[in-house]
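The chains carry the letters A, B, C and D, assigned in the order they are written, with residues numbered from 1 in each.
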Amino acid sequence: MKEMLFEQVKSIGLAQYSYVVGKADEALVVDPRRDVEVYLDLAARQGYRIRYVLETHRNEDYLTGSLELAARTGAEIWHADAQLNYQYGQGVEDGQTWRIGGLTMEAMHAPGHTEGSMAYVLQDTDGRPWMVFTGDALFAGDVGRTDLLGEQRLAEMTGRLYHTLFDKILPLGDEVMVCPAHGVGSACGTAQMADRPLTTIGIERRSNSMLATSDKTEFVANAARVLERPPYFRTMERLNLSGPPISGAVPIPTPLTVAEFDQARAECRVIDTRMELGFNAAHVPGSLFLWVDGLSHFAGWFLDYNRPLLLVGEEASLHEVSTYLYRIGFDQVRGYLSGGMRAWHTSGRESDGIGMVSVKGLCRLLDEEAGIWLLDVRAEEEIAAGGAIPGAHNIHLTQLPLHLGEIPTDRPIYLFCGSGMRSTIAASILRNHGLRDLIVVRGGTSGWSSTKCPLQ
Amino acid sequence: MKEMLFEQVKSIGLAQYSYVVGKADEALVVDPRRDVEVYLDLAARQGYRIRYVLETHRNEDYLTGSLELAARTGAEIWHADAQLNYQYGQGVEDGQTWRIGGLTMEAMHAPGHTEGSMAYVLQDTDGRPWMVFTGDALFAGDVGRTDLLGEQRLAEMTGRLYHTLFDKILPLGDEVMVCPAHGVGSACGTAQMADRPLTTIGIERRSNSMLATSDKTEFVANAARVLERPPYFRTMERLNLSGPPISGAVPIPTPLTVAEFDQARAECRVIDTRMELGFNAAHVPGSLFLWVDGLSHFAGWFLDYNRPLLLVGEEASLHEVSTYLYRIGFDQVRGYLSGGMRAWHTSGRESDGIGMVSVKGLCRLLDEEAGIWLLDVRAEEEIAAGGAIPGAHNIHLTQLPLHLGEIPTDRPIYLFCGSGMRSTIAASILRNHGLRDLIVVRGGTSGWSSTKCPLQ
Amino acid sequence: MKEMLFEQVKSIGLAQYSYVVGKADEALVVDPRRDVEVYLDLAARQGYRIRYVLETHRNEDYLTGSLELAARTGAEIWHADAQLNYQYGQGVEDGQTWRIGGLTMEAMHAPGHTEGSMAYVLQDTDGRPWMVFTGDALFAGDVGRTDLLGEQRLAEMTGRLYHTLFDKILPLGDEVMVCPAHGVGSACGTAQMADRPLTTIGIERRSNSMLATSDKTEFVANAARVLERPPYFRTMERLNLSGPPISGAVPIPTPLTVAEFDQARAECRVIDTRMELGFNAAHVPGSLFLWVDGLSHFAGWFLDYNRPLLLVGEEASLHEVSTYLYRIGFDQVRGYLSGGMRAWHTSGRESDGIGMVSVKGLCRLLDEEAGIWLLDVRAEEEIAAGGAIPGAHNIHLTQLPLHLGEIPTDRPIYLFCGSGMRSTIAASILRNHGLRDLIVVRGGTSGWSSTKCPLQ
Amino acid sequence: MKEMLFEQVKSIGLAQYSYVVGKADEALVVDPRRDVEVYLDLAARQGYRIRYVLETHRNEDYLTGSLELAARTGAEIWHADAQLNYQYGQGVEDGQTWRIGGLTMEAMHAPGHTEGSMAYVLQDTDGRPWMVFTGDALFAGDVGRTDLLGEQRLAEMTGRLYHTLFDKILPLGDEVMVCPAHGVGSACGTAQMADRPLTTIGIERRSNSMLATSDKTEFVANAARVLERPPYFRTMERLNLSGPPISGAVPIPTPLTVAEFDQARAECRVIDTRMELGFNAAHVPGSLFLWVDGLSHFAGWFLDYNRPLLLVGEEASLHEVSTYLYRIGFDQVRGYLSGGMRAWHTSGRESDGIGMVSVKGLCRLLDEEAGIWLLDVRAEEEIAAGGAIPGAHNIHLTQLPLHLGEIPTDRPIYLFCGSGMRSTIAASILRNHGLRDLIVVRGGTSGWSSTKCPLQ
């Protein structure tokens, strides 16, 4: 007889985890992403039939693959947040169970992150809990955010999360494995999240600082945080209720000649997915910098769903770029620049560029000149944790579009972040806003902190 | 600069050839099959945009992938047989040209197989012909069949084929490469076809016996053949006009438990795709034997599009089986028997079986007993070419359903073909018709001819 | 920053688990198997450098991939059982630590299964245990065997295992994840093993019946079991000390024509890896039946390392067959029968066959005839657990070669196991021993128990 | 029966073609490259046994895979240039034949490129020529170089090539397919080569300008060319006689931390395989620029086999880079910079950079300033064909190391080629030679010719 199937499927960039659990020919998937080939392959290779799709909550950070998976396999879709107006599938009830090959999965109402969030408890053959799929209630090192229903309900929802955690999840037992919906780097968690893809209740009880106190008031004080909310969340939420369009596969972007690409620019947004050095050296005028590995995280902040996209990047990473855009619903990709920047330049077209300086170069400059305008685009927490360069102005990258007026236009702006990636995004935004004299600090504060230049 | 893209894509079983030709980012596909991933992969891997789909004729032996490919790439579809009532795409005209990356492809009216068949001539950079995509006009070792418009038009169509070949294709020059639509084993050619996947006009002129005479009357006498026409051709022809349903991917068959499978049998046809020995040893009662490698060839003869299918087979070959069925439009596959025959037997269910005898065993039997009823299911040509076992009755496998009444029911029937595969199909058909005493000759006439037993 | 790498790599058939753990570019592998591509791929895809190979004990059921992995990556090899005479690598000491990307792995002496067995404890960033790689000390649902040093040391070694478990592993804490060296079906465990690929100390404490008592005497009484020991263990043990030959890749078997294959039979052993029905219907005379999924388990019982192998099987499973043989050191594979049994038969060669009967058929026979000789090749435990067919003689399959004299040669032998697979192995062994009248019961006791025929 | 196997395997970058030909289970490979997985996969997937490796000549531009393939399959190796002192395999004789599955391949002495060069003629089943594997005798659009035995023998060898072509190959017949050893871009051909991966004798007769005259004197006058000879040819020639080391697989490069990488620089050569913009923006000091697609072509000119390599590049292209280096024997790769330039910068290390200017920028500069020192690194033929920028100095990139003294060190040097790639290689060479003020013209002459600036 074949072994049980258990796979944690990670979506890099989104830091989203989904799960496939199978036994004796029957399988279920928890929180599938939109590009569902991975689940189909796992199931087909080992002869499993995907019977159920279980969602822990109506997701706001990616498009669900539930409909896609149901279309390919005939699986039933079961929604948490069943009170919402879903256009497809069925609503889960607390205590509901599903059987796959003799194993039982049981729904457990787990409000806090949303009102109708569900956790799912996989029982061992003895009927006792073996694994709990906690959705956005409990992460490794952190708990879910409770601010999505608005600040006025923050305390209430955090209180409900307290009861979910302390009255329901933790009592399952230290030995129970915890399968969360997100890992390190997710927009659904904070920097507190631990890089611990598989964990247990006992490990979280001892190591997760949010669980350090079992006093409700203290817990609420700690956990009632208002986090950033990328604008694309609204679109994800809406589409996850109506059902994202079924497409069958990640689209293959069209190669465009330089002339075609150039002509399409008028009505499109150009995204450059190369690394920061190549972008700063030369890029198609008007491009937004979003390097591949940062795409999942930042596209939802700066792109507009109504404007078609054009891509510039390494051809080897095009499939990855397409997948990342597809996962969050940017389906209007007009094509990519065939031949890349080399083709752009050999056609005789002009490109734009952004200045760069090394940390030692900046150091010297700060020694020699007064009045250097430094823009630090890191988040407040990072600055608090990692120290700042004296005299720098701070505008978090995600807030930059709202604070463009605060940047002087009459002098050079030196931009930095932790490494040089986010500051290049910022520079591309400022450039598109009309600023010309922009200099990105290569290596950012990480490089800076390795030099002798003082940090506050 | 990247090299030109030229790929001959072979569909095993159907013996169908399609082609991808690309230059400088632009590509076209000639006669795509329905499972189009292969074209998308070739194009994407090398950065080509598929701009055109060219069909040499309205195909009757498989479903075209033109619509599927257009849906995924935005390519234009260009039909030969433009006089027919296509529900999609555009009709080609004689002399029409397409440009890809500076190369020119030109349409050349090539009637004979059908009225509006087209050949396509790829020109070298000097404007002279380099390759000709001949569709079903010219194959390696054979020419296309001309009987599809009916016997009353056979001579006329063969005459038109004569002019296509001798006035248009052969004059292109001996040096020109020939890219036909089919290879050895296709239902669109005869046993004369040569196993020469790539050939030239000169090689065909010297080696293709159908071109041995340039006398029209002689040519027509030779080439005006009436070949078998599997019943599924009608469905292919109809769907290739209206446009086959777009599905995005080869479907993944559902694993069914023994109980589910058994219950579904009432309304389904069970296909067993294992090898002949396992099938004859034991199979689900009522199964039709269609081993994987024979599936493309024989499914269209014996399956009914209105009856859903159930599959029994090795799990390692399920994807292949699904692909083969998908290519010819058998989209109603209910699922497969999870765990295979072992699961059937361990559930305590009874199976059916068919007798087998070795060639030596048959030899002894023929020596010892009179009145053995031998059924040879090979085609007449094969018998003519390869010799017969004395006293055998001949009904070609494909005609068997029409001649069931000719088989005696009161004695054992010994079935043979060339190897034991087609005779097992025949035995499964006879068994489903109610005959019980059936014995397949293992090794068939190939085995027989290696023994001392006499061949006529 | 990239996520931590944690992968459990399962070797189907052997039910062996190895692990890759990586952090910040550095990785280690615990107990690698001989075909190491999987580790190289995981590491390369995510940019990890494999720095260390850690072995939990000198393995006896498969060839270690440590040398192969070191040759490809430059990794250091660290042996448990360091007192043995290894020809390569270095010996681990209790308490030794390794650092990968800031994570610490610590060796913990864990004797019992062998004298120098090691467990490895992966510490969380807070220095507390997160996972323990238990080797053959603790499995899901079972503990390791302690009989490998001989029956005279059984009690002593079981006592040492007691201390390893109760004084060292269990005290790590209920919340700690357990990563064992084997899963369900391993020759290193018993039928008690649970199908729980990932587990925790707490789950084992509550569910593993071997841990139900913490009384040492009781534990030793339960756990001091003498299990079967396949003869190939000796070869694995010897090669794992000297270092298995490095080969770079799983060998690709050579296709042989029927004539070549036939000629090679004189000096080779023919292995038939098809399913039981095809084998019983017809096979090359003298073949041993070892279906693909049973190969890893049974090859080590019945094959001789000094005799080259010839293979018969489905071409789709050849790579799997080669891999399984490679993992346990059967490197002398002469080739496989190209074209399979069909080619054998069309060459006019005779094949051998074995009779089959359905469970209902056997039922009728037992009703009608006295003195039917039934051979049950299941293990005693299975019979105890699942009931027997009245009057059956029992010889466990693995012991059959030692008891051939007990089988009568003057009457039909009806063979059964749980399903029909192992009884077909038995039948092929008896046939090679000269018995002719052999009948395998299709569906075995699983099928039998679904009928009305009585079970004791 | 399965179809014949015919595959042209292209090695991108080297523009090398090898071939697999199989029939009825038996296959041969012509001119295998060193990374032989592709041949093994093709053969294994379709059940072919590779029996023979045939070499058309002792290759000088890549390492043969003959030994590697023989080690994996047991194939026999047959050498052309049999008069040389091979340490392995056997020498081919003119007229020698090999049979694979009933097809015949015949050796035909074809001197000119080397003394003992062989062509191989694949016969059709009628015994007449179907394909000819011409090695370096005949290419699409060109003929092989005849200067490898030295200028003093140039006329003689060209004369012998004349007889090979006009007395042996062309007489095979216009209809015969031509399978050359190289395609467009090979160091073994000239810019005359046509982008025609598959061709015929007739097409070459009509389109290949080297065959335009059948007058021997004229032919020799045209074809007796002295071409560049990269220094690595010597190493390839030597290793292809002794037998390149067998390694089993393309090595997997080791990720190195910034500190490890930095420390290893002292004894290694750093190769940067990114695109030109990123390299010019910032690179590890002392790096040589060799972008991935130019690596196969230029590595043999500028790298030293005795100095280990360190790599900087996109991780997605590492396998490609490793493969390209492996094909030409650069086996000493110490590792690659994990995390790339971002990691370098975040460690606070300084990088080097090279200036860039757009074509319009250069245009303005030339208008405004006198005495701009322009370095054109294209080949003479390119300049002749494409025009030059007025006043530019020309040193072909491959000759640059020999002419370093000709570049002034007291002023800015503006470098250009066709696009900006080769000029970046040149800039990196000059930088390593100590020049600081280097400016690469983005887009090169291709971009230049699209502007209004004058071309001579």
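One rule holds for everything that comes next: contacts are C-beta pairs under 8 Å (C-beta built on N, C-alpha and C of every residue); 3 or more make two chains touch, one makes a residue touch a chain.
From a predicted model like this one, the values you see are computed outputs, not experimental measurements.
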{"item": "C-D against B-D, pair bridged by the larger set of C-beta contacts", "value": "B-D"}
{"item": "Label of the chain whose CA centroid is most distant from the centroid of chain B", "value": "A"}
{"item": "Where chain C and chain D are represented by their mean Cα positions, the distance between them in whole Å", "value": "48"}
{"item": "Inter-chain centre distance, chain A versus chain D - centres from mean C-alpha coordinates, in Å", "value": "43"}
{"item": "Distance from the mean Cα position of chain D to that of chain B, given in whole angstrom", "value": "42"}
{"item": "Overlap residues in chain D, where contacts from two or more other chains coincide", "value": "none"}
{"item": "Chain A partner contacts - residues on chain D that touch it in the complex", "value": "274-278, 280-282, 314, 316-317, 340-342, 344-351, 356, 358-360, 418-421, 442-444, 446-451"}
{"item": "Chain A contact footprint on chain B (complex, rising order)", "value": "25, 40, 43-44, 47-49, 72-74, 247-249, 251-252, 254-257, 315, 318-319, 338-339"}
{"item": "In the complex with chain A, residue positions of chain C that touch it", "value": "1, 3-4, 6, 10, 12, 15, 23, 124-126, 128, 130, 173-177, 183-185, 194-198, 200-203, 205-207"}
